[in-house]
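The letters A, B, C and D name the chains in turn, as written, and every chain counts its residues from 1.
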Amino acid sequence: MIEGGWAYVYAAYAVTGLALAGAALVVALRARHWAKQARKLDTTANRPNPGPASNP
Amino acid sequence: MSVRLIAKSLELARGGRTLFRDLSFTAEQGSFVEIRGPNGAGKTSLLRALAGFLRLSAGVLRFEGAEEPFLTLHFLGHQNGLKGAASADAHVRYWAGLFGGAGGGVLERVGLARAKDLPARVLSQGQARRLALARLVTARRPVWLLDEPAAALDGNGRGLLAELIADHCNTGGLAFAAVHEPLGVASSLTVSLGGG
Amino acid sequence: MNPFLATFRRDFALHWAGGGVLAPLGYFLGATLLVPLAMGPERTLLAAAGPPLIWIAAALAVLATLERVFQADLEDGSLDQMLLSPAPLEALVLAKGAALWIAVGVPIVLAGAPAAVALQAPPERVAAIVASLGLGLAAFIGAGLVGAAVTAGVKRGGVLIALIVVPFFAPPIIFGSAVASGDDIDAALSVLAGCALGAVALGPIAAAAALRLQAE
Amino acid sequence: MISYLANPARFMALSAWAAPLCAVIAAILFAAGAPWGLFYSPAEQFQGETVRIMYVHVPAAWWSLGIYAFMGGASLVSLVWRHALADIAARAAAPIGAVFAGVCLVTGSIWGAPTWGTWWEWDGRLTSMLVLFVIYLGYIALWAAIEDEERAGKLAAILCLAGLINLPIIKFSVDWWSTLHQPASVFRAGGSSIAPAMMGPLLTMAGAYLFLFGALALSNMRASIQRRRVERSRMEGGA
């Protein structure tokens, strides 16, 4: 019977949580960034304002 | 073998940009077709599409009188397709094997007989282009697709080019050339791209 | 002379031009030299672990030659001409692979004999090692053709090829090293032959598909 | 179905609600599966508590293979039917597969540490997973190295299929290799010998990983489609 198993278990769950949450965060940030860019593109496209186009 | 090339409403888009649309023409056997247009208008892409390297976005391309289109054509691009370390003669022997031709007396025809054993890297730009032209006569193929063939050719080099094209067309061949200024061969058809 | 032989002769000749096989062969011997430098000259240790490490040196030597196999043809326009040949592109790719195997592979295989002895392989096993290297090199090149073709358009794609192709090298290295360390040599040799045949059969097909895309 | 999804506009409309839905389902399944596995499932007679690592390790192992198979399918669709969306799907899935493979490797070595006495043991299964991890890196690196996006997609598809064909051969040779050098590894990581009481949390966690993959892949795809639209409009001097 392996003693002190809980330390290993918590380590494994912590690493998994960090990796998956980290990946989710990166994906979410990237998705939000490009959604914003696309929205900005739509607003300038169908509202041709006289002002200079706001290039990012 | 008489070959006719029929193009119906060809369209090509690269990276989201449409190069040309609704391009139709028919090239009869024995004719020389000039392809004109500013840089970036898609002249090279059109030639590569005719050669079958590039997939068209739309349109129908038909080689009448030829069972396998890619076996009936020669392609001369911007690069000469030469290996610096191989001699001029080695190139002709390689092309004779690759395309299935005899390859006799070819270097004489393009005026490179003396440079027979020189490795391609020591040839001048003009000589290298002449060696590339030699490929066209190494194996007899009815359709020639030439992308700015006169590039890097001097006076009598252009004369040789015009002679080769004229001979080819007179003996039932068909030639396309993307050009910026005339090659000295009467063109029976001009396809112009990128008018916009 | 048919297109296959013409392509084979040309590539074989080009491998010999410009110092030819000296570089890959020298690199193979140099990489083999690193083994005792890393593990120490102690003979019993080397005898126990040395011989299989020839395979790392052989893999590195092959990887070093892959980058220019198709990149040169793409850059100088030769690929367009290969597409216009009556012979299928797969056959021409196979011809280039065969030229690489004979011009570069065979010298490395032959140099494998002294290298094996140097790494304290028992003399009676050297013949099996050389045979296995011959098959292994064919497997490496078969897989390497795919890596070289998909990265042909990438400048300085050498490191990228190494990364892409390393997983495909795993089976030949496993069975090749088993022969080198003397574990049931016959079984390992036969599976290695299987790997080589598989790579030689499938590699050119995938590589030709990739090259057609490169020419677009 | 494939051609239905092939049109980016329809895909964007569909994924607008599908991605968050998958995220919610994944969150629920994680919230249910993790505590279930940690506190409400039995320890194991020999391994003790460390068997609970199975609930994060095994699903990662299953899905890193599953995602690569998904990429293989997308690559086939991309090469045969030439759908641009298939390339985007495969590219969106690859980094997630790599993360799952990485999680599988780390949790596998943590799980094995008490019995092996070292942090990394060249066990057959973990070694195959390491090779799969390198295959993922190669695929992602190829995409990154090629400028022309359309060509990169098709070339990556060819590489992915070549890898898919090689996976069983690699698995076979690594297994043969691991039995050659040391006896079959002591702990049973998966397969039929899992106690019924452990199947509940395991399948829940497997579902959680799957829906997490769904959410991340769909949002990656949405981002790629929008990025291409923005860059293309910049190219035409629009923005």
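Rule of thumb we're sticking to: contacts are C-beta pairs under 8 Å (C-beta built on N, C-alpha and C of every residue); 3 or more make two chains touch, one makes a residue touch a chain.
Keep in mind it's a predicted model, so treat the numbers as computed, not measured.
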_Innermost chain, where centres are averages of C-alpha coordinates_ = C
*So how far apart, in whole Å, are chain A and chain C when each is placed at the average of its C-alpha atoms?*
42
*asked:* Taking the mean of the CA coordinates per chain, how far is chain B from chain D in Å?
replied: 48
_Rounded Å distance, chain A centre to chain B centre (Cα mean)_ = 51
_Length of the line joining the C-alpha centres of chain A and chain D, rounded to whole Å_ = 18
*asked:* Two or more other chains touching the same residue: where does that happen in chain C?
replied: 216
*Residue list for chain D, restricted to those that touch at least two other chains*: 148
*Can the chain contact pattern be summarised as a line, a ring, a star, a complete graph, or none of these (other)?*
other
_Applying the document's contact rule, which stretches of chain B touch chain D when the two form their complex?_
15-17
*Contact residues on chain B for chain C in the complex?*
48, 51-55, 70-71, 73-75, 77-83, 85-86, 90, 93-100, 135
*Residue ranges of chain A touching chain D (in the complex, touch as defined)*: 1-6, 8-9, 11-13, 15-16, 19-20, 23-24, 27-28, 30-31, 33-35, 37-38, 40-41, 44-45, 53-56
*asked:* Going by the contact rule set out above, which residues of chain D touch chain A in the complex?
replied: 23, 34, 38, 43, 45-53, 56-57, 60, 95-96, 99, 102-103, 106-107, 110-111, 113-115, 212, 215-216, 219-220, 222-224, 226-227, 229-230, 233-234, 238-239
*Which residues of chain C touch chain D in their complex?*
143, 146, 150-151, 153-154, 157, 160, 163-168, 170-171, 174-175, 178, 183, 191, 195, 198, 202, 206, 209-210, 213-214, 216
